[in-house]
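Everything below concerns the one structure shown next.
By written order: A, B, C and D. Residues from 1 in each chain.
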Amino acid sequence: MRKVGVFVCHCGNNIAGAVEVERVTEALRSYPGVAYSIDYLYVCSDPGQDLIKEAIAERDLDGVVVAACSPVMHETTFRRTVAAAGLNPYLCEVANIREQCSWVHRDDIERATLKATQIIETIVEKVRHDEPLLPLAMSLVRRALIIGGGIAGLQAASDIAAAGYGVILVEREEGVGGRMAQLSGTYLNFDSTVDLLREKIEAVTRNPHVTVLTRAQVEELGGYLGDFKVKVRRQGNDEEYEVGAIVVATGYELYPQEWLSEYGGERYPDVIDGLEFERMLSPTGPTGGEIRCPSDGRVPQEVVFVQCAGSRDPERGVAYCSKICCMYTAKQAMMYKMQVPQGQAYIFYIDIRALGKGYEEFTQRGMEEHRVLYLRGKVSKVFPQDGKMMVWGADTLSGKGVEVAADLVVLATPMVPSAGAFELARKLRVATDKHGFFSEAHPKLRPVESLTPGVYLAGACQAPKDIPEAVAQGSAAAAKVLSLFSQEKITHDPIVAVVDSELCAGCGICVEVCPYEAREIHPLTKIAVVKEVLCQGCGACLVACPNKASQLRNFTPTQVMAMIGALV
Amino acid sequence: MRYLYFPGCTLSTKAKGFAASGEASARALGIDLVELSQWNCCGATFPLATDNLLALVAPTRILLNAQKEGNHLVALCSICYHVLKRTNRLLREETDKREKLNLFIEEEYRGEVRVFHLLELLREEIGFEELSERVQKRLQGLRVAPYYGCLLLRPFQEIGLDDPEEPRILDDLLASLGCEVVEFSHKTECCGSYLAMNSSEVTRELSYAILHSALASGAQAVVTSCPLCHFNLDYRQGEMAAHYPGFTQIPVLYFTQLLGLALGIESETFGLADHHVDPRPLLASKGLK
Amino acid sequence: MRVRLSIRETRGEFVKRVEEISGQEILACNQCGKCSAGCPAAMAMDLLPSQVLRLVQLGLEEALTSETIWLCASCLTCLSRCPKGVDLPRIMEALRQLVLRKEGDRLELSALPADFLSEAPQLAIIAGSRKYLS
Amino acid sequence: MVIGGGISGMQAALDIADSGYEVVLVERLPSIGGRMAQLSETFPTLDCAQCILTPRTVEVGHHEKIKLATYSEVEEVGGHLGDFRVKVRRKPAYVDWERCTGCGLCQEKCLWQVPSDFERGIGKRKAIYALSPQAVPNKPVIDREHCVYFQKEGKCGACAKFCPVEAIDFQQKEEIWEEQVGAIVVATGYDLYPMERLSEYGGGHYPDVIDSLQFERLLSASGPTAGEIRRPSDGAVPKEVVFVQCAGSRDPERGVAYCSQICCMYTAKQALLYKHKVHHGQAYVFYIDIRAGGKGYEEFVQRAMEEGVLYLRGKVSKIFPQNGKVMVWGADTLSGKRVEIAADLVVLATAILPSQGTSDLAEKLRIKIGESGFYEEAHPQVRPIESGAPGIYLAGAGQGPKDIPEAVAQGSAAAAKVLALFASEVPP
């Protein structure tokens, strides 16, 4: 019979404010199997953890229940604590009495206290039947795949290669450089993007550890963290690579102008988007850097920049803010004014989002030094009139509707995930948000990790982002890869499915339902086997199996029935 | 201590009591205010149009005259002080304009005279602690609202007398005289200034807001250093009484009048009888006259 | 009514004159509105001070017809709090000057009540004359 | 070595240590966690900041490759890339941390209360204190200035009497030692612009005009009001709260010229949390531009507006007390109206400044400081985390205002630079 210790956390006032912690602790003391029960202000604090260690030693506990916050927060903490005291970490479980109890029952202390007690009792039942488990060892290929050769991907590649690990960089286009290669210059200092990029590209292409595959795409992905098998289709041929980690850096493209019918929907040659204007500004572009109206090649005397041309528009465009337009528009207007000093640049905006070091000062410089006229209001309609483009907008500051007969109109259209990102996400088994951007593991604390182990995110594939952010993310993703590669061995959580060969009929339903491709029917024995390193312990096979041959470790039917038994 | 002194037009006519009380108090404190032998009107506004140099000629002349007789110039009137101080800075720092103005006055003046407000002398030359010790008759129980207005403090970069948002100088002076100084929200709000000439309702509204704020803070009198503020706040109280129900009239005094009383100087020349709202009953109730 | 903006207005003579007379860069203002928030006389104005400046930024001469420019008391509250250091009182003065220089006096001294004139300090009369007479 | 134990520094330390290298983490305060430890909940998910932070602090505290040097500052830096010699000075805690078990009895028994810096002055702490019950390390220090034992020559000593393990050591001296490290990550974070310098907003004299970190403490379940919104003057629940953005930011004349970047979002969050706690209350936000430029941020601000937070486009000109309320004079430049609000509480989103001592440290490290006082990166676009000095990298708000995900990404990015450096035999 297990001797279980129960540790009830007050979490300051978070739990103790709605649950009478002392009463809960007292009630648990007489519950079958509970050898020790105590409450503490913050069990996750150092003294709280010491309490657990001492109790294990002094009372000879062989099971621990910490009743506290969600296991997402501190399960790792407490399992590490019991391991330090010499107990198998899988004999420690967290009972969530905060998110699932105290936070939602603030106004009924009596029932919250009862519910907390019951939650803990079910977990005690679980622990009584938990088996000690050992983490599963996995193989580790110390080579990384980077998908996308833009600035974020290049940065990740160069940082990983600099540490001496192999990198395979897959790029869809003819050459690397991505969107940045199309730009005329950076904001703040008008540095040439070509020069800045050349340095980065050379750092990658000259490194013997890096293999650059251009005109290539990821076709198929198998395997798992530490040992992915990637099929790359390159110029018609398929090649296979083994890699240990993947960095996704597929970048962005612009929202199609044709969907913006009130701005002409791409019908008018003198209404162009931000990237088209970048090409016009770029010395390597079609006009050799000269600003000309596409319709007749004249130098535009009045240029209107339309921000939020589709962004911040949940009804007709995208709900989100594209983040970089305020700054590149300011830069473009300034570059226009430098080239055509007698011309006038107008910028329609809703809010000037100058979010970065020196950005605020930069936009102010545009207004003061270059006399760019900012108009706070969205443009309603753009149409041709008398050889010009008529722009109908508003200036909400003076309270006036305004119109400008412009020579050239530049639309700052939204950033959207690049074509094929969604399909790629499915191949990689990585989640995307409703806009198609790759989802990070946690918006605050894990911005460059995906929820799929071994797959990391960098740059605008995750959300709109400017160059410095993409660079920082590229390096950050590299850090994750480097940490992984420096492990002597890697392990996998042993809470995985097992198949009772006695009961399995080899029907193959579990193979169908497994979302992680962790199941197959053994060619010889004809019964289902679990590829443990792929299994995420989701439980889909348990439900699907008609014979109850599939079971999840430490979530056995006996355990679940005992847990239910504690409640009824 | 001898200081050159510029009274200005209003102090020589409508605000004689301000001048008399200021001069007498200064004398009692050992500051000898010597009136410039020759002076003209400062123009009552500092010209804000950059192409209006003509308006700077008058204050430039005053400064030039001061330079001939000394190197300091003291004003009592906030507006005169404002105009002279800003003009002087302009002559010191803006070379182009200086050259043109020197052509107008046909002499060389480079902004070297130092311009003071009497408040500044009291703070820096005498010191409020010292002043407190020299008070003959403490103004105990008199609750006053120190009203600074605009031009005594702004623009800070050019005037530099005190914090334009949380000024202390008048508060500290009045406290050193034994007054109970009330804190009120409108001490640096505008009274309407010259709008009095063309938009009397606006001036009345603005002045009322100031007096209302002072009254709400429990003040028994408002104290100022500007004859135009004084006029706007004092002259219109009859109208206010008719216009705003529940308004109680409140005397408006020059800081020099209270300074003189506290120093025990005979107040006959202080012009206390000239105010529209008679301060004498209040003063008498505190044993002052 | 939709107002046509064009380079003729936005960089026109009007804007240039206001900038010259005031010595201010009108586009330095980012329309944060702090001037309007603190202006003591704004309650009587037809346009807020920031809106008058906005009209000038757009090159619209209707700024000259606003009552606001005559209700600015040059108290400098706005200047002392402006985050961009824009001297709005000077811009108001420039607008007044543009009107006065073209249209002449805004004030008839003789029409003022005799009692007022005999009571008003010299300062008020001189300052008023400076501000309202051409 | 990582200098600064906030979220960015912790991230860098963890990424380096997880790769098997040793890290010395130097933190000025008695425990790690930085500014994030003071926050209530984080946007856009409204996770409790403490809840997501403590697993990190615990992980750092228990990591066998990380040596914590809290209550310590960098004294002197010598050497070069690959071989820096850093002198670290540890202030005397007057508590023997080896013996101390963190039981907290000393703090309970100490009789002397002082305003707590951690609580931004709206809560109190004892003269012997730890930053919070979940602090890592959870060891107290004695504040000599306010300790009666030190001020009155040996009187009191209650903490020493009650300490069950005799850990109080009034004789403890400061300690200086040298660390030899190959690379340095600088993650010293930010401070807020002092309210004293905003005289038109009351200069910090009015109790019901507070700064945003003070409001965070009011919102925090572990703060002095246990998460209830009560105004400091009289403890009343404020019915109308005004949030003033750009209080000192975007103001080259009187404050700082730059945008502090995070205020738009935390103000939206604070206003929303206020609405959640005071259902019938009204929150107003004065702003110039709403800068919501991150994943889900735009949607978050829209949500705040839809849930009833009133946004007013205009800067506030003046704040003063009136009849027990705080009068706010502002403008709404969109309707062209001047507005005034008699608020119960005013929250100023004061500008972000580089944390105190940034320029001193930069001098010791021989790295550059930019115009606005933050550490300067080697190139703003393509080398944002390199300091320009070989082997010294930048992370977090010391380089410029930034929010948590950016600070975390930078922490990791700095770690990548260090890892690449350590892995290469010939330094790049």
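Criterion: a contact is a pair of C-beta atoms (placed from the backbone, for glycine too) under 8 Å apart; a residue touches a chain by one contact, two chains touch by 3 or more.
None of the values given here were measured: they were computed from a predicted structure.
Asks: Please find which chain has its CA centre nearest to the centre of all protein CA atoms in view.
Replies: Ranked by how close its C-alpha centre lies to the overall one, first comes D.
Asks: How many angstrom lie between the CA centroids of chain A and chain B, rounded to a whole number?
Replies: That gives a centre separation of 65 Å.
Asks: As a quick test, compute the distance in whole Å between the mean CA positions of chain A and chain D.
Replies: Averaging C-alpha atoms per chain gives centres 26 Å apart.
Asks: Based only on mean CA positions, could you tell me how far chain B sits from chain D in angstrom?
Replies: For chain B versus chain D, the centre distance works out to 46 Å.
Asks: Name the residues of chain B that each touch 2 or more other chains.
Replies: Where chain B meets two or more other chains at a single residue, that happens at 164-165.
Asks: In chain A, what residues contact two or more other chains?
Replies: Chain A, residues with two or more chain partners: 352, 364, 397, 399.
Asks: Show the residues in chain C shared as contacts by 2 or more other chains, in ascending order.
Replies: 30-31, 43, 50-51, 77, 84
Asks: Which chain pairs here would you call touching?
Replies: Touching chain pairs, listed by label, come out as A-C, A-D, B-C, B-D, C-D.
Asks: So in the complex, the part of chain A that touches chain C is made up of which residues?
Replies: Within the complex, chain A contacts chain C at residues 301-302, 343-344, 346, 352, 364, 367-368, 371-376, 392, 395, 397-405.
Asks: Going by the contact rule at the top, pick out the chain D residues touching chain B in the complex.
Replies: Chain D residues touching chain B: 199-200, 203, 318, 320-323, 327.
Asks: Give the list of chain B residues in touch with chain C in this complex.
Replies: 8-10, 13-15, 41, 43-45, 47-52, 55, 77, 79, 150-151, 153-156, 164-165, 188-190, 192-202, 205-206, 209, 227-228, 230-231, 235
Asks: Where on chain C does chain A make contact in their complex?
Replies: So the residues of chain C in touch with chain A come to 1-7, 10-11, 25, 27-28, 30-31, 50-51, 54-55, 57-58, 60, 84.
Asks: Can you list the residues on chain D that touch chain C in the complex?
Replies: Touching chain C: residues 200, 246, 250-255, 288, 313-318, 329-333, 336-339 of chain D.
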